[in-house]
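Working notes, beginning with the structure itself.
First chain written, first letter: the chains are A, B, C, D and E, and each begins at residue 1.
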Amino acid sequence: MTQAVDWVAIAPPLSLVIAALTALLVDAAWPRVRVLAGLVSLTGVVVALGFTMSGRNEARSTFCFADGELPTSCSWLVDDVTSAWWLIMLIATALVVLLLWTAAVSGELPAGELHFLVLASAAGALAVAAAQDLITLLVAMETVSLPAFALVGLRRVDRRGAEAALKFFITSVVATALSLLGISMVYGATGSVAAGPVAASIASGNAVTPVIGVGMVLTVVALGFKVAAVPFQAWVPDTYVGAPIPVAGYLSVVSKAAGLAGLTIVLVRFLATYVDTWSTMVGVAAALTMTVGNLGALRQRHIVRLLAWSSVAQAGYLLVPLAAGGLPEDVTALQAYALMYAVVNLTAFAAALAVASWGKSDLADCMGLARSHPWIGGSLAFALLCLAGLPPGVVGLVAKVAIFRSAVDGDLIWLAVIVGVNVAIGLVYYLRFLAVLVQPAASDVAGPAGVGAHDEDDHWAGLDRAVPWSTEFVVGITLAAAVVLSVFPGLLFSAIS
Amino acid sequence: MTTVEVLFVLMGVLAVGSALLVALSTNLVHCALWLVVTLGALAGCYLLLAAEFVAWVQVLIYMGAVVVLLLFALMLTRAPIGRVPDLDGPNRVVAAIAGLATTAMLVVSFVAGFRGTRITVGADDIGSTHAVGATIFGSWVLPFELVSVVLLAALVGAIVLSRRRAAEVAD
Amino acid sequence: MIGGLEIIIGLPLLGALVVLLLSRRDTVAAWVGVAFGSATLAGSVVPWAATIDDGGGYVARSDTAWIRALDVRWALGLDRLSAPLVVLTALLSWCCLVALVRRAPSCGARPGLVALVLVLESASIGTFAALDLIVFFVFFELVLIPMWFVIADWGDEHDPVGRRRAATRFLVTTVTGSALMLVGFLLLHARTGTFDVTELPSRAGQIGAGTQVLVAVLFLLGFGAKVPVWPLHFWLPDAHSKAPTVGSVLLAGVLLKLGTYGLLRFWADVPDGAVRVAPYLGALGVVGIVYGALACLAQTDLKRLIAYSSVGHMGFVLLAISTLTEQGRLAANFANVAHGIITALLFFVVGAVKDRVGTTELAGIGRALYARAPHLGAAFGFAAVASLGLPGLAGFWGEMLSMLAAYSPAAALSRSTYVVFMVVAGLGAVLTTAYFVVAIRRVCQGVPDRDAVGDVGRDEWVAWSPLVASVLALGIFPVIMLWSGSASALAGRR
Amino acid sequence: MPLLFPLVVSSALFGIGVYVVLARRHAVLVLMGVELMLNAVNLNLVAFDAWWHDTFDSGQVLALFVIAIAAAEIGLGLAIVLVVFRTHRHVDVDNLRELADRDAPDPERVAGASS
Amino acid sequence: MTLLVLLSLLIAAILSVAVGHRDDRLPPLLGVVGAMVAWIGSVLIGVQQWGMGATAASTGTGQVATGGLPISVTLRVDQLSASMLVLATSVALLVQVYSVAYLRGDPRYPSYTAFVGVFTAAMALVVMADDLFVLLVGWEVMGVCSYVLISHHWELEPARSGAVKAFVMTRLGDIGLLFGFFVLGKAAGTYRISEIVAAARGGEITGHEATAAALLVLCGVVGKSAQFPLHSWLPDAMPGPTPISALIHAATMVAAGVFLVARLLPVFGLSDVAMNLLAAIACLTMVGSALFALAADDLKRVLAWSTVSQLAYMFAALSLGGYAAGVEHLLSHGAFKALLFLAAGSVIHAVGTQRLDGMGGLRTSMPVTFVTMTIGFAALAGLPPFVGFFSKDAVLGVAADQAANGSAARGWLVLVVGVLVAGLTSAYATRAWLMTFFGPRRGHATDVAPHESSWLMLGPMVVLAGLSVVGGAAVVKPGFLGVDAEGAHLPVVLVSLAVALGGAAVTVVQWQRLRRADPALALGRLRPVLAREARYDDLVGALVVRPTGWAARFTRLNEEDVVETYVGGVDSSGQWAARLVRWTHNGNAQRYVTAVVIGAVAVAVVIGVVGPS
């Protein structure tokens, strides 16, 4: 009884894997033409994106196993929700590939391996969003993680990169181990690892208590770890700071999206019956996550670390729709927010990369950036506003509205209020950053307008190496996307549904 | 108590005991060796639970490959061969509490959930290489393929991390 | 679909862009700002006039789908409640823009400030015009960042740290409030299934009593932080005293109105909840009146004094709102507009004083402004007298009608409670008189103790005269807003 | 055989693994702790598989995959440990603090200083 | 015609401010012309109302919506308003003329004359308004004009503080008035005065409502007309230019209170409580202020207290329902008090001080002033044949009537006190007269010999003196104001005249006995108490002003310390929480792992215990 394979359903991750292998081989074959690997991987992502878009609007499942007695269940399901996750992940992956472009082309990082690892990890992320049994899910999660470890440590001569990789690795594998323990307990309690049977077993009350409860909690640990939910958030700042900035961006978006997708599947498909229990659990986690994230960011001066903490806080917001019960509308809200977050967060990381390319990493180094480099600084400012959820970053605001709406519709008024307070706390540091960006140089305050511009150029003189075109490109398209979405926020939702 | 049960208890005690030594030994190499004992005892457990194929894979991969890797790593990091006094961090007490708490939680929930439940082993050939192979390629193709990606990625990752490049060599 | 309101909202935005593009040419940019401001002002009168002709419904409506997934429509329109506020916004923005033509801000570049004023104008008009809760919310939030920049970057040139703190405090408080407000909006949507402002009042019956109270409280907190309702006023004095003149003008004249407008508009959607919460709002309003007046009485900084006086005046508006009667709504709306104009004038005058003597501390200003700059002193005296509610000037009708409304609140409210509120508010009005005459005595009168300063310039007269004229016009001809149809139009809301 | 036998053994192993991961400083030892945890899980899986007589052998299959994944993890993990050793000359997990969140921020400097 | 009165004054005022600075001569001219036009208009109205027997006429139909009862922007002229209008515009015209000389060369003349014009217009609005709120507009505009005019010399501390005191005190009363209007409107279902009066007459207002309304209106009246307990602002308003004092005391401001009570007398009539209170306030004020006048050592202050006392007469009459008597006295008082102030201004202008101890012996150097002021004092003292005699007699007559039949207690109270105060009045009038014009020149005042004022000042005085002489005939004319004046009560007349003469005589005797020193010295230890006005200001200060100041300072401290502390506390607690979060992320990966494990286990335990089962 060999399983039938629906190739259309697995085409996007498959194209990523193929592109990954091709990139590796191409780079091995023509090591001097470093740009090849990037082109291959970009092509792979675009092809995957094409498959995803063309395969929308029809649910496909494959890798099914039937045994007569039990209802048919499948390991792989591609429906609207999955497609939307794929869309988000693939867009983000494409952006990350572009962000890595220069590092690969310049030889700073090994091109073939780099692109291979990114695409392999992304393929895992895609698989997470489609997985319908815990084994596939777990393996897919590991497919996301393992290449990511290597990516974080890719700058081998860098002490901080190595340290970051080790920390990321250790915390991650412990989380995975806990998750595995949880899976084993769910399996023990229900006798299955597939969504349908597990859910049926729980619904019929046959699942063994309290093993199923403990198993449920432990199962989501690795997912929570990916999402960076409290108490699994501690690795985030250290890892992001130590990793190459595009990789940090990858972790903050694609890896996080994989965690959210997995979490959605586990909670909604497997544990729907326990919605009351886990909704409180996720709600508390969301509240803690956003609070800790915002507090952690409050006094940061290091750009990437600030963005890291901010991504923890954003993870808290992202958890809210799940806490609200993970109904289809909630998932829509979650994905809309995730898409918004993916776009603007990568803008921010791209800008951070640009700043880092001048050898700067401190907030104070960004003084007046929006004036001296309107393109980079302005985009960063806009991204911060979107993250803060304040107009003119309307897209961020609308996404937050969707989050709030989930909470309110799910009768989680308390959580909505906490989100509100956190949005306000978050403002403090986003605005501090923003203020630095637009701050005129000291001379501008004293002198008449127009004179200051020259002094600012001096301020940046000597460090003003050209920003790589790929980085500028990423900044440009993400900014354009954010602006367009701000004017027509409806597109945000139509993109994912 | 049947023979199988007695054997299982013995194997279990062996596994736990050697694991404890892994946890407490002050000699790095000893730790690795005690780990081998634990893994071996567990392989025995698998056998007793009729998971034949898993047991052999355990022996081959874990005892054969992983432990060797660990020993190599110990050597490459120039780990001292003898006793190392400060092998434990200041976190010991917390770690002990965490470990005990974990065990306690698990035991309590297992006892509450499975008290009096018995396994009947050996009725069918569930754990045989053939059966497992058939299910893997019959029902679990997808994760299997994914695992191959994982392994490849790990391989590439390990290589890319370990490879010395020209620039570094020049340093 | 581009309707008239889109034009009125879009013009200032377009103006802001043009100004930014012209930012190298300082004065030209300022003139361009004035041009766009004038066009907007002219445009804003049209729908206002239409509301008077119209039977009391919404005019200049536009309605297209905006965010389908969230059930949000791009719905705009004005009625007799919002149209005057739009005109007020356009008028005050125009005055600010004119004021910027000849006088550059004391720190920061002028084109940026001009652009921000235009953005603020656009966003405020959008807030008043929004007929969809989420569109309202978006515009409501859009106001914040520009104002934050105005305070943080163009504020008090002597205190960069303090002005940023004040700006952030303002922003954080308001955002917290608006988040609560949003929760209220979403609760409304959850129970009624619509964000449509025109629909919601008729669907109040679908909302349970407990939810209504909750929503009413959320609105009270949310809008209250903006107004600000008494214990939430802590951000106001700092924000005002650190803001540049145009910032203070718009903050007091327009932004505070967003809060009272919101309460007026949206409490109608939860009548049962509003009835429960209204007495508390009334009490807070009255406390604000007395507290603000007392704070003014011992104040040594003129700008802070005016800021606290706003707390008091907003107290009257809140008292009127809390009566839940048509009379109260009318009173609140009138008081809104009147306070906007008068306080704007006060801030302009105090800003002019600051331009000349470099401080707003009473001790630093010195005495006898009547002698040192007669017109400036007279302008301050006029604005102060208008502010203290002299009959025949705009401020009176708002205060009087508020107290009148409190004399006969809605049937479901305790009349005796409101009569007590009315009496306390009256005493607050006396205290208001007291602190203004004390301030006049301290600043305008006396023996000149230092040099004369430049008197009001022609450009300043141009910027201020519409305000003076409005104060007189509304005072002498209150029918402009209180014609016989205005009450019935507001009645149509329920 | 009582199902609890393997479960208790695995619980103990997992707890010991946790202790090793949390208490041991040497990175390789920490990896050993992780192995202990994974093996505990495997024992669970195998035991449950035997108990359920699972047609799909989910437990055993997962156990196999875990072994594979564990091998991959160890391989990659050891590579990372070697990189750390190469850059730090030690592999004490609790002694890698360069990325600690400890730079004392000074908001004034950020807000007010000119460069 | 009604609009002509208002607009001429307002337009003149606006022009004066707008173009007055171009030429020194313009503002006086504008002021006089404006007042003249208004006066002509008023006289025409008066002729229509009294002479041609026209019925009350309303103009204006505008309505201001309030969401409840509408406010009607309506003016209505009847005989009472016509009389008041003529009085106000006449005095205003005379004051404008007088000021031309009195304030010649004052740089603030434009605003001065403008405010006098607005002041007059506001009074005209008060008397012509047919809607409570329109009346209120005039009422309060008067208040602010008086504030500005009192502080005309704002470089002088007494002027500043007097103005503040006047404004705040009257405003305190006005709030009561406003509430009274609310009550009236609600009770009568309209804000139109004519309809309210009709409703009161028709019994549509219950006694309960009437009491509440009347008491609240009384607050405003007491404030505006400077009756106890809000009486103390009027004497302190004396630092204002003297013509302004004449205007305030004779024809506007303080008269408005009496006018309002007269207007709303039907409402007051429904409430015995209000009438009793009014009578009590009137009597108390009458006596107290007369005593203060007796001891005051500032000429204008004497006159100010005399105003308070005379107003109390009017209120006393009104409290007995004596509408005609009250109004008569108001009009006659308007004439002679204006005269007195203008004459006092002339004196002050000549000697450069307001203090009685800086005057003396001026009858030779200022003959015209002497004669006119003597007439004024005689009228004040109620000596025949001057106008004050007749009107005061009318008041006492009403009291006697009521004492005989009607509200006996109230009647007797007013009668006794009225007669007593008649004596006090003539005593202080005589004292002031003596101290100003007789005896030696006192004090250290100007070295320049006092001289008679210009005819621009004397002219108005002469006119008013003439009115004071012949006015008696007018006010006792039967049918005046549409009410039948009562015939003189001979016994009351004789008694009060005797008492008045006695008061004057005692004063003269003391003057002689003390060798032409202040007769008030005869009061002995009572004098300082009275001169300090029974320390009423200190009492108010201790009970109201200082506690308010404390409250204000407390509020400010609360804002600066408490609120700031809490807000700052939120701020810094956030910062500390941020530090805590950062401290927990100390870079130790094992600590992170510990958090992962313990967090997971803890949640699992919780769920396992309480969770899905």
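Please note the rule applied: contacts are C-beta pairs under 8 Å (C-beta built on N, C-alpha and C of every residue); 3 or more make two chains touch, one makes a residue touch a chain.
The structure displayed is predicted, hence computed values, not measured ones.
Asks: Pick the chain whose C-alpha centre of mass, unweighted, sits closest to the average of all protein C-alpha coordinates shown.
Replies: Checking distances from each chain centre to the full centroid gives C.
Asks: Looking at C-alpha means, what's the farthest chain from chain B?
Replies: E
Asks: Could you tell me which chain lies farthest from chain A when each chain's centre is the average position of its Cα atoms?
Replies: Computed centres place E farthest from chain A.
Asks: From the C-alpha centre of chain A to that of chain C, how far is it in Å?
Replies: Once rounded, the distance between the two centres reads 42 Å.
Asks: Distance between chain A and chain B based on Cα centroids, please, to the nearest Å.
Replies: 31
Asks: Taking each chain's centre as the mean position of its Cα atoms, how many Å separate chain B from chain C?
Replies: Using C-alpha averages as centres, the distance is 69 Å.
Asks: Indicate the whole-number Å distance between the mean C-alpha point of chain A and the mean C-alpha point of chain E.
Replies: 76
Asks: Where in chain B do residues touch two or more of the other chains?
Replies: Each of 89, 91, 94-95, 98, 101-102, 105-106, 109-110, 114, 139-140, 143, 147, 150, 153-154, 157-159, 161 in chain B touches at least two other chains.
Asks: Give the residues of chain E that touch two or more other chains, as numbers and ranges in rising order.
Replies: Residues 582, 585, 587-591, 593-594, 597-598, 604-605, 608.
Asks: Considering chain C alone, which of its residues make contact with at least two other chains?
Replies: Each of 164 in chain C touches at least two other chains.
Asks: Enumerate the contact residues on chain B facing chain D in the complex.
Replies: Going through chain B, the ones touching chain D are 2, 4-5, 8-9, 12, 15-16, 19-20, 22-23, 28, 31-32, 35, 38-39, 42, 45-46, 48-51, 53-54, 57-58, 61-62, 65-66, 69-70, 72-74, 76-79, 84, 86-92, 94-96, 98-104, 106-107, 110-111, 114-119, 121, 123-124, 126-127, 131-132, 135-136, 139-140, 143-144, 147, 150-151, 153-155, 157-159, 161-162.
Asks: Give the list of chain E residues in touch with chain D in this complex.
Replies: Its residues touching chain D are 582, 585-591, 593-594, 597.
Asks: Which of the residues in chain E come into contact with chain B in the complex?
Replies: 588, 590-591, 594, 597-598, 601, 604-605, 608
Asks: Which bits of chain B are touching chain E when the two form their complex?
Replies: Touch residues, chain B against chain E: 89, 91, 94-95, 98, 101-102, 105, 108-109.
Asks: Flag every residue of chain C that touches chain A in the complex, lowest number first.
Replies: Contact set of chain C toward chain A: 23-24, 26, 65-70, 72, 107-111, 123, 134, 137-139, 141-142, 144-145, 148-149, 152-153, 164, 168, 171-173, 175-176, 179-180, 182-183, 186-187, 189-190, 214.
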